[in-house]
Every structure is written in C-alpha cells, then in structure tokens.
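Presented sequentially are two complexes of chain A, the first with chain B as partner and the second with chain C.
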Partner chain A sequence: MTSKKQTISTWQLMMLLLPIILATEVLPVTDLSAKFAHQRAWLATMPATLTGVWSILVMIELAKRHPGRNLVQYSSDILGPWLGKLLGVVFMCQALIYTTKVSAEAMTFISMFALPRTPKHVVLGLFLFACAIATWAGIEVLARCAETLIPILIGFSLFVFVFLLPNMHPSFIRPILGPHWLETIFQASIVPSGWYGEFLLMGFLLPHIKDVHKVRRSILWLLVGLGAFVTLVALQSTMVAGPLIEKFIYSYYITARYISLGDFFERIDPLIISIWMYGMIIKTAVCLYVLSICVVYLCDLEDHRLVVIPVTLLTLLCAMWFFPNIAQLRNFLLYTFPFEGALVQNILPTCLLLVDKFKSAVKRPVHA
Partner chain B sequence: MRRALRILCIVIATLPLGGCWDRREVNELALVMAKGVDLTDDNHVRVTVQVALPSQVGGSQSGSGKGESGKSFFLVSATGRTVSEADWHIQQKLPREMYLPHLRILLIGERMAENGMEDVLDHFGRNPPNRLRTTILVAKHSDAAPLLQSTYPLESLSGEAVRKLERQLTGSNKTLMDFLIEAAGEGIDQSASAVELIPQEESERTSDEDSDIFRFSSTGIFRDLKLIGYVQGPETVALQWLNQRLRRTTLTCPVPNMHGTISVELTQARRRAYTYVHGNDVTVKYVLLGTAMLTENETGLDADNPKTVQRFQIGLNKYVESIMLKCLEQVNRDMNADPTGIGQLVYHQHPYLWPKLKPMWRQTLPHIHYIIDSRVQIIEGGKSGPPLYGKPQHGIRSSQGNTTDSLEGDTDD
Partner chain C sequence: MNLEQAENITTWIWFTGGAMRKIRKPKSLIPKAPIVEIEHPIVEPQSVETVFLSTDLAVNEAELRREFENCSDVVLRSITCTDSNGRAIHMLVVYVDGLVDSKQLDENVLEPLLLRQLPTKDLTPALWIRDFLSEHTLPIAQTDVLTEISQIVDSVLRGAAVILVDGDRAALAAALPGWERRGIEEPPSEPVIRGPREGFIETLRTNTAMIRRRIRSPRLKMIHMTIGDLTKTDVCVAYIEGIAQKTVVEEVKSRLQRIQIDAVIESAFLEEFIEDQPRSPFPQLQNTERPDIVCANLLEGKVAIFTDGTPFVLLAPAIFWGALNANEDYYQRTYMASFLRILRISFMMISLLFPSLYVSMTTFQQEMIPTSLLLSIAAAREATPFPAVIEALIMELIFEALREAGVRMPKQIGQAMSIVGALVIGQAAVEAGIISAPMVIVVSITGIASFTFPRYNVGVSIRLLRFPMLLLAGLFGIYGMAIGLFIIIVHLVALRSFGVPYFTPVGPTQFSSLKDVFVRVPRWAMQRRQDGTTGENSLRIPSGQSPGPNRGNGPPRKRLSRRRQGAT
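Now for the complex of A and B:
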C-alpha cells in the first residue's frame, strides 16, 4: 500500500531481530528462571530456544507461501475477511502487549536505577518519543540504527563478561545435577521461552526482505547465537552472585555493577544503562512499527506514519495502566507471558499454516 | 501545516524548562565513604557516616599538619528504627545530599552483630544506590563509631585505611555480596573480618593527636547472622585459606627437632576439598596448595641444600595442617558454626544426600572428621643459602657433610 516499498537486507533483519529477543531478555532472564531452577538457570535457557525454532520455521514457511504480504494480510487471505481480521486484531493486541511490556520495563529500570526522581510518565514519554521518531522514519532507518547500535551492545556485553571474570566462582553453579534437576530445568525454561516466541514479529519484517528463501539459515544461526549469549549471561550472573540471583531484580545489571578493576575502574553502571537502552529503543521502535502496520492493514489505511502518534500514545497509556508497579510487571513476565505468548506466538501461526496447507492441498486437484 | 509545526516546535522546546529532576551537582553532594552501624540501648539503629571533605582529600599533602582542620572527613550520626530512618535523620543534619554509591566500608558494631544482622542487611541489598561491592567489617570489642572517628596517617580516610589493611594482609576484601552469598547459600555460615582499635605503643606515636590505631587480626564468625565469636591469629589465615580467599600471607613456623623458626611468604594459596559421606558420618578432606618463599631462617641450616629445603617444607606443612585443624575444631566444635562451608561442599558433591543431612547439620558439625593434606612447596630460598653472618666452615664439602649428618640423625628420631 505504501507507494515505495522499503527493503532491508538479511543482515539488517538479523540486527533487528537480535534486540527484539535480547534487549528484554538479558536483564530479567536469569533471575526469573532462577526462581525455579536456582543455580541451573543457565541450563534452563537452552530448552527455551525450542519455541524460537518453532516460531522461525512457521513464520518463514508462511512468508514463503505469501511473498510480499505480512501476517495480517495473509491471515485474511487464508481465513477469509472476517476470521482473518479477527486474527489480525489478536496479533495487533500482541504487538500492543510488546510495546507496553518493553516500555514499562524500560521505564521501571530507568526510574529505579538511573533517574529515581524524574516522574515516571516523563521517562516513559521521552523514551517513547525517541522510539516514535524512529518508527516514523520507517523500517529502513530502523534497520540502519540497529546495524550501528547492536554491535556496540554485543561488544559491551562481552566487555562486561571479561571484566567480571575475576569475580566469578565456578563453584556457584554446582551441583549441576541433583534432586529434581530435570523438572526444575524444564519448569524454568518455560519463562524464557516466551521471549523466543517473539520471532513472531518476523511476520511483519519478512515482506521487506528481497529473497525470503535464503533467510532461514541465517535466522537459525542467529537463534543459536542468541541462545549461547543468553546462556553466557545466565552463567555469568550465577557465577558472580550465586544463590542471590533468584532474589535480585535485574540480576544482570547488579552483577555488572559489581565490576571493579584495580580500585579505580568501578561504577560503570551509567554506561550499562545507556548501552542497554540502545537495544530497548530499537525493540520498542520495531514493535511500534509492527503495531502501526497492524492498525494500517486492519483499517485499510495508506501509510503507517498516519497512525504512529496515536499508537505511541496508546502505548504510553497502556504501559501506565497495565503495569502499575514492577511486581505486576515481573509477575506478568513470569506467569502470564510465557503461556499467552505460546498461544499467540506459536500456536496461532501454526494453525494458520496448517489451514493454509490444508486449503492448498484441497484446492490443487480442483484447479488441475 | 507550517504553523502547526512551528507550534509543535515551541511546545517541545518548553518541555525541558521543567528542569532535570535527577541532576546532581558535585558540590551539592556529601560523599559517604564509610558507614558504621551500631545498636543503641533502646534497640534502635545508630548509623554513623563518614563524609569526605573534598577539599582536604584532594590536597592531602598540604593539609596534613593542620591539626583538627587537617581531618579530611567528618562524622555525622543519628539513630532510627531502621537504617533508612537513621539515614534520613542524618540527612537532616547535612546541608548536602548524602550520596551513597561511593560507600566503601560498612562497619558493623559488635553489639549489632551479636544481636543479629537481619534488620540491617535488607537496606543494603534493596536500596538501589547501595553497591554490593562495599566491604563489610566487624568492629571488635567496640561500636563502629569510635573506629570511624580515629584518623590514620597514611590514608586521608580512615575507612579507606581499614579496607586496604584487610586487602593488604589477605589479598582480598569480603564484600557485602560475599557476605550475602554466604547468608543465602546452602550449608554455610558467615564470617567477616574484624578490626579492633588498640592503643598505639608509645614509640610509634607520630603526633600527639592520634593515640589509637587499628589492627586487623581476627575474623568474626556468625551463625544465622549473629556474631558468636572470633578466631584469632593464624587461624584467621587458615579460615581465609579454607574459604579460598587467601592470596598471600606470611607464615612463621617451627622446624621439627630444631630450635629456631623459619618464616615464609606464601603466594598462590589454593585449596581443594573433598567430602565423603557414610550415613551420618561426614569426612572432609582439604588439600592445601601453595608456593612459598623463605624470608627468614633462624635455624642456621643451609637453605641451598635440597634436603634442608625439604625439611623446612615438612615443617611448614605440619604447621599448616596444625593451624587448619585448630581452626576447624574451633569453629565447628566450639562454636558449632560452619564458616568454611563444609555443608556447602557436601551439597555440591553429594546433592542427593544433602537433603537428609541438612536438617541435623548443626548436630553433625562437631563430629565431622578432618583429613588435612598440606602440600605447600618452598620454591625460593631467599637471597642467601646459609645465613650470611656465619663463618665459613672447613670448605664446602665438610659443611655439607655436617648438615646431612644432622639431617640423617634427625630422621632417625
């Protein structure tokens, strides 16, 4: 519908997807999964990637069958206008949940550790304002931002890892096996599985890719990299803080704050906050973009720029309304999101794909 | 459209006029460098903070000889039901905002530590400006406030001096994070280094104003976050070593069958631990590793002789084993605490057996069997072989013969 179609490269797609998973996962993942798995949190991050594989395969298969169309468009194609629109609304709500969740996380984090006296809505408003500008500019600009900022984010995380090495005690991850180890690991892996399902957003990004057929391999590699990275983060936090991780809020940040090199290289947390915000801004901007795309295609509008401001304002309201405090937010991430996410991110697209396959299998003999 | 844009620009431009809520000017902050927590008689918390005077800390060279004004810090203290309330009461006495992220030392008064630390620790683990890197120390036989009051000639801030003292002696600081990990960990009790204020000996006095000096010589042992006692002297070193916190130290030990002692400087101290469980019977085996350099040899033997070095080594290892055993017996049997984390070792090495042992761990603790195997190696003999003051004996051969004779004679004993 937009006059000129914006395109992104596979590398840019990877850079866009990376913060989508990583930005929100890296801070709370260890402490949330450690609530169930304790010192085995790092093991729990591995089975969680399965939902990611599932989501990636389904979304790419759908994109291949409907080149150039996005999730909302081809749900209408597959299920007909009414049911398709209904599913589109579901995906729109999911996108709204993403934007809300991410901006609420960013807000609580910033107001807890960086700007405790600044009113919450100002933090939130400024944050969303920056994201909305990027969204307004479109997916190409977002992709370029991601290309610039994400390598810095990765580099810095590795830097934190290296500088925490002297404080790591490998004995804290012991015992690896023990009573009920398998149950606790799988219990705990439910929590991060929700984040990996966020590959659902590919349904809106893949139409911008020139050749969808070559994407699958690189995205799967991206998932492997992400899984390894998150495991590393969990290992790092566990080895530094031992039995305390399950009690921390944002264990990654607290352990990174523990860095001290030769008494003078300390207190690097402002740097951590700013670097982590890069990922959050890109993720929120992408989610806002997806949300506006949803609205645009559901209402048969012309341009996503029309709805960026209303959608941002809606997010602003919802973020303050859904999550009045951080306990609500973490409770949502811990108990609601994994199940709600599995339904919308994995099961619904899979059903869509199955219906599509079934329809084409039925149709083909008729045409032949 | 243009007009709307212009209006929008003006609106946006007015947004920052509200000012920045979280700006912090350096000259509006009171940097808290050390904090002491004491228990008052009416069960309240007395918090004493050591606030740095930036002008004095910076120019410590020039401002050292000015008596009272030469102090580069000042103390403020207040009481409250909780640490936060006491902090707030301190804030009422301070024109500048108390800035906590630079807190280096948390000094716990003895009475507070004996009463239990639960009420205090939550503040430090929860309030975001507090960092878990803060070093935790116990004020032995005193409250925390007098310790913070004393000045130290070398360091401009006495809190800083205490922290460096601990690290200088054992190579590491026990941070709040370490303490909390011990508190939350399975099968381990807490310990923290203790500092005490001792009267300075007359000859050491540099000027008339400071009369007391810190000493760091013992470790406070906690059980369920309550201070129950101290281990002293060499057992402190043993405890640090068993907890894998020892980096370097100096040991002085007797040599078997000789009068006179040797001193070694120990580096790269490590330990390995193994546990064996048979029913309720727990055996722990510690293997102690390290390298040592001879720094003093009072025995008169030739440290250039491999046999002598071996003999020193045997003496050193025997000594290490004895202090380890003494330390373990003292903490496990007499205090019934587990600061070396034997329970944690069992939990790590026998995770399936630990749930059965855990409920009665306190009863098991005094009956643990120890196997201590010290394998410290003396690598360097120092700058000289035999003591430099000795007269040369009748040529190299005969002197060597002498020592080997005595060696053989000793081994026969």
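Now for the complex of A and C:
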C-alpha cells in the first residue's frame, strides 16, 4: 500500500458506515418487508439489526486481534496463504457484489424516476465516474466527503418526515399484532438483515482507525440510531401509503411525493434523487475502495489507485449484465442476497474468528 | 573608521519606506536556499568577481559611469570643497533622481559640504571626511559604509545617496528615500460600513508599520527576503510566534526561497509559485488590502506575505469558509453577522446552482414547479427559439461579458455600458421573443448572488464552475447537478493549503471551530483559536467573561461564584 498510512477518526468511520447501511436500505426497505409483514413492516426493521450487532462484534474483535491489518491480510495470517487467499477472493467477490448491486440500484432508480429517456448505461457510467473519482482520492478524502454530506442527508430526511406528518394516518398500521404476527415479522426481517451484514466492510476500514479499542461503543450506538431511523422510515411510509405500500417500488421516494405545503411547496421528490444520490455515491465509492484494496492485497500490488479504473469498469460491466432490469434486481435483493450475505458477511468471519481463537488457545501454552 | 573596520561590517541596507532601520543580515533566520544549477541563468551576471573601490576617485567614477551607462535618471555629481587649510577635496555624489528626497539631499548633504567651513584635521582628508560626515554633519538616521562597486550600485538603486571621497577606499551611503507614494486610503475593493478605513499602499515598510502599530509585541516576527533577479523585490513574511504553526511558517519560507524568477510585480506572481495544487480552480491563498484583516488572520495563526510594490498581502493557509467571512462580521452584532453568513452561504449555492436548477427543472423535472408558476414559465418560453440550456449559456456569457466590460471601461463609459446592456438584455431581447423573461430573472439573481462574496477570487471560481454545472444540468437534469456538486466537493475536501485541509472545519469536522463558520458567536464565546491553523497557543479569551448583571461591582450573587468555579 501507500507508504503513508491514511487515518480516519471514529466520527468519520461512523459517517462512512452510515450511508453504507442507509443509502440502499431506506429507499426500498418498506416495500420489500411489507411483502411479508404487510402493515407490520416497521416491526421487522428492529430484529434485522441483529445481524448488524453480530457483524460489528465479530469484525471489531478480529480487528483488535490483528491491529493495522485488514480482512484479506488477517485471513491469510489465520488460515495460511492458500486458504487465506481463497477466503480473500470470496470477500473480493462480495465487494464486487456490493458495488454491482448499489450501482445497479442507483441506475434503475435514476432511470425510472429522473431520466426515463436517457440510456441506462450513460446514467450508470456517470454515476461510476463520480464514485471512481472519490475512490481514487483515497479513504481520507472519502471520509471528509462523508462527514460533509451525510449530515445534510440526515437533515433532509427529517425534513421529509416532518412535512409528511399531515399525510400520515396512524390507522394504517393497525392491527399491530394478529395471527402469525411473529412469523411474518421474522420472515420480513430477513430481507433487511442482509444489509446490516454489510458492516463486513469495517474489516477494511478499521485498520485506518487509530485506536480500535474505543470504537465498539460508538458503532453500536450508530447501529441503534440506524435501526431507529429505518423504523421511522418504515412507519412513515406505511402510515402515508397504507396497504398500497407493498405494490410500490422504492416506497420512500414515492411516499415523499405526498408532501404538499400550500400550493407552492410540493413534489420535492427530485430533490430526494439529488440528495440521496450522495449517500449512494459514497457507499459505492467505499465499496469500490474495498474492492480495489482486496485486489491490491491479493495481487501484492503497491497502490489502490492502480486498480481503481479496472475495478470500476468491471463493476460497470457486471451491473449491466447481472441486473439488466429492476425485476432481476429485486429478485436478487429478496431471495438471494439475504442468504448469500448471511453466509459471507456473518458466518465466514465468525468461523475465521473461531479458528483464530482456537489457534491462539492452542498456541498459548507453547509461549508460556 | 578605517578600511578594515569598514570591510568587516556586514550590514546591509534595505530601505523601502518611511520607517528606516538598519538591519544586520539575519543569517540564522534565512537558511540558504538550495543551490540549484541553472543552465541558462535568467540574468547574465554583470561581474563575477567583486570590484573593490579604488583610492582614485577618477577610476571609481569611470567604473560607476560604466555600470550606469545609458541610465539617464542616475546622477553623478562631482563637487569640490575646501577645508580650512585651503586644501581641495574632490567628492562624487551618486543618486537616482526621483528616488531620493532632493530637498534633504540639498540641505543635509550638499549644503554642509559646500557652504560650511570644514574643520582641519591632521589626517589625510580622505579618511576623516567620511567619519565627519556621518558623525557630525549629516542628520540622517541610516548611513552605511560600502567598499564594493556592486554594493554602491545596489544602494543607489534602493534610494540612497552615495558619497565617494577622493583618496578613500570606502564610500558613505546615506538613506534618503523620497519617492512619491500614494496616501493611505480606504481600499475601494473592500469597503466597510463599520471598521478601520485604512488600506495598504504599494510601499512595503508603510504596510508592515501598519501591522506593527496594531500588534505591539516582539512576538510578531517579520522575516525579510528578496525575490526576483531583476526586480529584487522585497518580500516580508510576518507571523506571530507561538500562535502560528512552526511547520507552516517553515513551509512558507522554504517555498518562497525556492522561487527563481526574473521579476515580481504583484503578489500573484508569488501566489502561483507557492500554492499546493496549481491546477485547482480555487485560490489557496487569501489576499487582502486591509490591515485589520491581516491582523485578525495573524491572530488566528496564519502567515502574511507582504510584497513591495503592491497593496495586496497574501495570507496562508487559506480555508474555503474564510471566503464567506467578511471582516465586518466581527464588528457587527452577532445576530446580524450570523444572518449575513447564512445568507452568503445560501447565495453561494444560488450563484453556483440557480441557472442549472432552472434548466433542469424546466427541461427534466417539470413536476417540481408549482402549477401556476409552471404555466407562466411555459407561456414565457413559448416564443423563444432556444432550448433552456442554450438560452442560459448565452445569457450567462453575456452577463459575464457585461461585467468584465464594466470593470475595464473608464467609469463614465462603464455606466453607459451597463445601461445599454441592461436595456438590450432585459428589455429588447425579451420583447423580441429571443430570450424568455424568467431566464433574465434567473441570470440577474445569479449575478447578484455572485457578488455577495466578501472575497472576490473565490467568487470567481464559483462563477467559473457554474458553466460545467449548466452543461451537466442540460444533459442529465437534477441528477447531473448532484454528480457535478459531488465532484466539486470531492475536490474541495481533497484540497490542502499549506498542509491544512481546505474545507476545515466542515470537511474534517471540527465541532469546536464550527462556531465561526455558519454563525458568528459573540466575541467572549470564541475562547479558542480556530483548529487546524493554530499552533500551541490556542487560548484567546479566558472563560466567564459574558457580560451581564452578575458581573462588575454590584453585590455578588450565587450564580456568579458558581460560574467562576465552573470555569476554573
């Protein structure tokens, strides 16, 4: 890697992790959960954070045991060069899935709502161009971007919430309980749980933190905040749109169209595109960064900048091949990603941690 | 003072203004610039070996005449005076007409030599006459003894009158600078309603004196250097020890010493050599004509670079948000100042985004416009032949051209220009149906917004970035604008000015420094200097000084004591 180690603060780490979870989750979370839980979508968001807690604890524990090393590096340390590299390739593919998924989401979102007549590939190309510039600049610049833009994003969402208050009908979330309520909630929480597992990316961000031991508390608070925020979003969408919610695509965006203040202030939804875009770009840029870091460490290269352009082009191709339309994307998000994600994001790092603990437990008597 | 003594003195003079001081060459302060072999030197060195003065005045005169060949403004005046013994002493006075104060030259140099009776001494006249002149006759603060021809040339060109005596190996230089200089007046580019009305002038010493008068502390350091092979421009680096970061001061000095250039005419010449990212559209140094702004920035730990010959002083490191802070913010009540800051920030966004927002809303996102407004815009745009983006580009270009013409034109014509421009654009183009009326409104609001910047050079960068944003909006609507804005922000947060991130305290968020960005808290609440630019001494104001009925000589109340305890 570069000779000078780039460092980020805990606050910057939080601001980087926040869009990683929020950017993709907020827009479709309500309608995807509502497919199973109907009016109880908002109850499904909290159990979903369990995978987040799991992932955070595992990743921070791994980072504490291997300070200054990233996921690819310490999987080689723990499992040996061959198996470690293999696991590194798996994580690399996961990072490629992230970049592909998010850029495909951005592409479908933009071409569906903002630029229906512009070729999708142009939209995607421009999006990935902006992401690649940020990735090229490095993690420090990305962190500063995040802490500049993310507060605006959060402020704007609260603003949307306040202005939607007159359109909310609390009766839409009734009945809160009912037959099979527990099953449906857990069924519905499987979909958002995949997104919370994306805390896996911390395995590549934590090496940039000065003191890993102080991070856990802040990140767990961040997770609580995220869970509350997503619950608020789900409640907001459900109370505005009612039973229609499961028919919508990108329900957050569509319910924001209900905003109308006087005759002047209405239809602010294109603003959501422009502001939510920042979250998506930052998330994609972080994922691109992680992907290029994976490539760099797997191939023993010097600088992540070497691979930014190839990796971006690969993402472009994958996004166009794998998700040519929104139906395939939603199928992937609903039926594939939660299970694939749980395997790679939660189970594999946990196994890694267990192997590491086991190894050190076996080794310790030798040292003593 | 004999020859050896004279040669041992390594003092040098540099006079550029009213306050003249004799300064020993600060060797320890100015480390030698790295020696770089230049294949083609910018200026041919005139004489490689040093030429010392001869005892023969005629030889010296010939040498000086050769040096100053074809310099019609250099005066070499031969005089002969007699001492009381009746011996004739030949002398030569060299000066540049216009650079020295001729009245002082007449009264203080020539009159005592020519009209007064000189005393008699046993020594040869050549040796005592210099001592006599400097110690008894000349009421001049700064004199110096020179032994080389090149030294003489240098001091003559800096505004000294040099007196050579026949039979002497050394010459006497008397500092008599007296060139014309502008009076101190309010800078027209940075006017204020409340605040000092002084502005810098073109003379370096006057400018540094204005700072010294405001900060009367020996911790205010001013380091001198000379830049430019031909112009030999005096440059002064000022900072406050303990408040400025040492690394930044060293960086400024070393970057200035690295410059190899023939001439420095304005401080912008230096700016382009010492900035961090030369390809950025954003200026990475602040410039100002106002001493109060320089003082305030020195107190925030910044470094000021004074350049002789220009009233514009450079301040480094500069941060982006400084461009939105006017000096008057600190002289006004805090609510007003905070309101103005928020207004400026919103108008900065308007000046960058408003034309592109209009274009993308009328072209792509019509649903954002309220129905009645949409109808009136549609009615106005019905007759216009161009798409909105072309219309906006034309209008923006015309506006920029008008503005430029208004600046460059003589004042009387400039006014006529703006009237014609306003009539042509505002009235005729709309009535002829070539340009729609809403576009005229948008462009004029943008024009007004771009003038709300207290710092002109940052406003220019924002104005330039408006055009790529306009193209992106024309191609991709509000999505293109978001992408464009993101790229600008990536650039801004990646930028550094002398190692300090340009977008602090927002970019790397420093919560304690945000008190002076979007709002301006009262003076007694700004207890610490801004993070990032300040060195070790960051405390400005001890806490607990908020005025109120609990302070002062009245009966002490419980709250006061509690607060005091909390503060200590």
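The rule we apply is simple: the second predicted complex is superposed on the first by the 368 of 368 C-alpha atoms of A that agree within 3 Å, B and C clash if a C-alpha of one lies under 4 Å from a C-alpha of the other, contacts with A are read in each partner's own complex, and residues count from 1 in each chain.
Note that contacts are C-beta pairs under 8 Å (C-beta built on N, C-alpha and C of every residue); 3 or more make two chains touch, one makes a residue touch a chain.
This is a predicted model, so every value here is computed, not measured.
Contacts of A:179 after superposition: chain B is touched, whereas chain C is not reached.
Contacts of A:133 after superposition on the shared chain: chain C is touched, whereas chain B is not.
Look at A:242: by the touch rule set out above, it reaches chain B but stays clear of chain C. In the superposed model, A:254 makes contact with chain B only, not with chain C. By the touch criterion defined above, A:148 lies against chain C but remains apart from chain B after alignment on the C-alpha atoms of chain A. Number of chain A residues touched is higher for C, counting chain B against chain C.
In the superposed pair of complexes, A:171 makes contact with chain B only, with no contact to chain C.
When the shared chain is aligned, chain B comes close enough to touch A:119, but chain C does not. In the superposition on chain A, A:268 contacts chain C only, with no contact to chain B.
In the superposition on chain A, A:41 contacts neither chain B nor chain C. Put simply, chain A uses residues 114-115, 118, 266-267 to touch chain B in one complex and chain C in the other.
On the chain A side of its complex with chain C, the touching residues are 9, 11-12, 110, 114-115, 118, 123, 126-127, 129-130, 133-134, 137, 141, 143-145, 147-149, 263-271, 273-275, 277-278, 281.
The part of chain B that touches chain A in the complex is made up of residues 20-22, 101-102, 125, 128, 131-133, 175, 177, 180-181, 184-186, 347-349, 351-352, 355. Residue ranges of chain A in contact with chain B, taken from their complex: 112-119, 122, 171-172, 174-175, 177-179, 240-244, 247, 254, 257-258, 260, 266-267.
For chain C in complex with chain A, the touching residues are 364-365, 367-368, 370-373, 476-483, 485-487, 489-490, 493-494, 501, 503, 506-509.
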